[in-house]
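Common to both upcoming complexes is chain A, partnered first by chain B, then by chain C.
Now for the complex of A and B:
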């Protein structure tokens, strides 16, 4: 077989046409609409140019808080899911009893519907009758019982904690695959040289799973920036105005109240931001790769 | 290569066979239903009904509504409707804090259910639901002439009726209180905010929580603002018209500011208890029945709801008085409420109309009134009435009445959930009463401008 064979361009045309029609064109139309006064209240469509963007970035609106919430959610959940996922992956690649059972238990939250998890946790975190506070009180730890989802101080942390609980198992599974692909001979050689457990992790495991970690980071960042269902089910952006409001819940609310143009403007800002983050991350990830 | 070709040919043959088989099934199904139709057709009466049922076997109409809008009794009637007509009904019940956004999204994307629940209100059904485009004109339906005149006015645009009331709109959202506890503590119905505070302090001193409030639902705590706001019209007559003509604003109005300040004060003084942010409306009857809480905001079916939770709790043990914020003593009436709308994009309009007609029959209205505690008189001329002495006494206690602001004033009801968010921000100390009022004005202006309302043209 000729490995240098270059397939003709028309092979890609079908996929490219579908992608263009279904993704590129709607995205461009969406960005176009963000420069208009498109709303459910009137069929009269007029260009208002940057008015919607001025609204988003104006001091009297809460959009900057919403953007900041989204970034905070993304950063915190990405770091913690990676750290906890890595710790669990390291534990669950050792020879322990019922290994697959433990892996299954940790992975299970990831296969449950996010909305259902949200509703279950809404009940668990209920301050008066929720499972968590009831347990804390019965264990003599009543002072730790909090109003998890209904106070400004705790709501965002609680939402992120539930999301981290849900997503860590998934990241763990990917990292387990990465760790298991490392040849045991490296560890044996390091053991002979007198390396301890931490040194083996620091100098063998970590460098060799960096590509896997990069993948999980990309997945987490994209998920974090696009998060919707978990927050929608747990707090719907509350309590108060913007305590846990993120971009997609805000976009949903704008569309829900018929303010399409403001919603698409917000989506466009998000699109731009994600494109920049995406390009940056791809560059960082492919930095050390050599073209074959 | 030979094997590949063989597999490819095999796959093509299998595909052709499966397509042919599907077509045969369809033909068989058609034949089956034709056969059923032929056997059912011979004579009228029961046979005709059977045929209609057979024809309707495959029809399922979808009905989306917020929690607490579709009653258990309506679900039962739905089953009976299916038995009689063969048309199945798929009820899609959505949490109340998520419903308005979801409904608007579905309407705006053209993917709404066959029937959708929505709040009536002559201004809002036009600007918010755009019923002239999104809902069917139901004026010609047999039951339409039975709809109460005031309720019909809130469901009509340019003389055409677009919805069917689904709840009792004679009800007034008021403070429902435990009469026994009031009597035990020697308390009287308050007629001013100062008097109300004295009542709450006495209840607190007795080790009980004065008010059961539920912010988690997003809508219930809002009742404290636009309902007693009727007193603002009494304080400055003509205010409603001025607000509708964009000649007055919410911000700067002393009565509105006072009401919001008093809501905040009630929370700060502990009248709403500890868990008001996470309480839900669904638990209100249970909590009042327990005696742990003494008052809540409810309508006049609440006594029956508490009785349903605890049969030892008499229906008449719940009394009512108007929310005395800003010393309000005007009865806050509201001829609008949750209603059924037939989606204009539905492919099952005949089935939808049959469902609406079924729900408005004498038998259905009687069944709903008898089986839903909070229904005393549904807004149809052919609906029975079951007002108790307590309820009549409550209505008679207040000689003056006024239409609540969410119905009387344009662009208030569409922002109900947003007001809920802002009032909860007020309770958390994130906003001041003036800021809440400014936000209401701003949202009204946004909606009016988007709707090209001439009063907001400049």
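Now for the complex of A and C:
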């Protein structure tokens, strides 16, 4: 059987062309543009070489805050979503009434638009009459009521907390699938050997879901580095100049103010981060994919 | 005795967490049926009678929801159809004709799952192709964004279809197109269903690309118009909630009916059985 004839390459071309033109080409020319003075205000495009990057990595500007915010957001949400997601997955693989109902409800937040969730939590976290503070006051915990999104001490934590609320159900769902794929015979054998619940978790469940945890970690990292909607709706980078500013919101601001070169330079920094994560991700995801 | 206690604690914990997960949605639902005054402090009390169904009609008119609903449908259905068509064709050939070259192409495309889009530079490409601020541009962009994951999903599925079927088809004289349409495509249905559901959710919720590339408000999808409405009517929470409810209905329906596909798609690649 002539494979080239039976499986013609032109079947691939449509997808490949669209993906290349609208996805890959912008990234490549974006790197090119980040060495220029491209902006909305001047028509003559000049090479300024590393000036944009010098600006980004200089101490006077706040770009380093933006990059460190992005990394902090990614690290904190990744760890907490994994830990909480694992706890929920363990809970919801035990015998519980209305199991599927609970799984379905906890997964809900991952289905809705992140933007809309941001808008909803803007109301819930309102310091004066938001649901959270009202609840805390009525429960006699008024001293815990904070100015969640509007003070620089609390804003970043609040944004991360909302994102963890949103994303944990998704991680839980993947981990449930991972836990359910473990053969019950391991647990039976361990039971006969007299292992208690914690030992079963430590020596059977945890090692066997490590590959799944690797994937959820990578998914969280990708999401975290690219986060936009959530922060745009909740704080738009504020309060102040850069309290919750991350890469994608900063890029959008540069775009809005016409500083295209700075925007594309920031995007290119991000591109390099993601290329490293991406190669690792692809290794995890395509492991075990074998053609007949 | 100890066992029963654990049982109670487990069930209780599940209910508390479910409540925390559901509270924001109940909040939106309840307040969308209140009057402007009683929705002003956005609490979880049940809406008083009579229920304000009129909010929905009012918000459809004030928020120009008919137009943005049609736009969202064009973008979502257009890109879902195009993405499934192109991705299944490509994934099929990439999975079947296994050479170093096709493997490289496959990895090149799948890398797009992780890669960020350089939106600022993309404006140049969009303007160059006359796609900026056009509906076709958004459909093509959504499609391009979903192609990597769709190909990844369908590719894994094609690998499980026995190649003997192709051989039988060839012996019976199928052309390559006929082979795909008559034999392979029907077998791909579960993978296609998963792709449809996931790309629908992602594209219906998509917000960044319209923000960058649609300057005229008549072309806005629902996500963009709900955000804009929120900015204009932020004091009338009943209206904002009604708008949010209507923007979310399609997604919730897809979730209720396509749950099985969502889970299987989201766990693809994560869990190797």
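Rule of thumb we're sticking to: the second predicted complex is superposed on the first by the 254 of 292 C-alpha atoms of A that agree within 3 Å, B and C clash if a C-alpha of one lies under 4 Å from a C-alpha of the other, contacts with A are read in each partner's own complex, and residues count from 1 in each chain.
Definition applied: a contact is a pair of C-beta atoms (placed from the backbone, for glycine too) under 8 Å apart; a residue touches a chain by one contact, two chains touch by 3 or more.
Just so you know, these numbers come straight off a predicted model, no measurement behind them.
Of the two partner chains placed by superposition, chain B and chain C are both touched by A:260. When the shared chain is aligned, no partner comes close enough to touch A:161: not chain B, not chain C. In the overlay built on the shared chain, the residue A:134 is in contact with chain C alone; chain B does not reach it. In the overlay built on the shared chain, the residue A:195 is in contact with neither chain B nor chain C. Of the two partner chains placed by the overlay, neither chain B nor chain C lies in contact with A:204.
In the superposition on chain A, contact is made by A:275 with chain C only, not with chain B. Touched residues of chain A, counted separately for chain B and chain C, are more numerous for C.
Judged by the touch definition given at the top, the superposed model places A:252 against both chain B and chain C. Residue contacts after overlaying the shared chain place A:121 against chain C, while chain B stays out of touching range. By the document's definition of touching, of the two partners only chain C reaches A:287; chain B does not. Residues 126, 232, 252, 255, 260 of chain A touch chain B in one complex and chain C in the other. Put simply, chain A touches chain C in their complex at residues 1, 3-9, 11-12, 14-16, 18-19, 21-27, 29-30, 33, 88, 91-92, 94-98, 101-102, 104-106, 108-109, 111-117, 119-121, 123-124, 126, 129-131, 134, 165, 169-170, 173-174, 177-178, 181, 211-212, 215-216, 218-219, 222, 225-226, 228-229, 232-233, 248, 251-252, 254-255, 260, 263-264, 267-268, 270-271, 274-275, 277-279, 281-282, 284-292.
Within the complex formed with chain A, the chain C residues making contact are 7, 10-11, 13-15, 17-18, 20-25, 27-28, 41-44, 85-87, 89-90, 92-98, 102, 105, 107, 109-125, 129, 140-141, 143-145, 147-148, 151-152, 155-156, 159, 163, 166-167, 170, 176, 179-180, 201, 204-205, 207-208, 211-212, 223, 226-227, 230, 237, 240, 244, 247-248, 251-252, 254-255, 259, 262-263, 266-267, 269-273.
Residues 37, 39-42, 44, 126-128, 147, 149-152, 232, 236-241, 252-253, 255-260 of chain A are the ones touching chain B in the complex. Of all residues in chain B, only 97-98, 100-105, 107-108, 127-128, 130, 215-216, 218, 274-275, 277-279, 414-415, 418, 421-422, 424-425, 428, 430-431, 446-447, 450-452 touch chain A in the complex they form.
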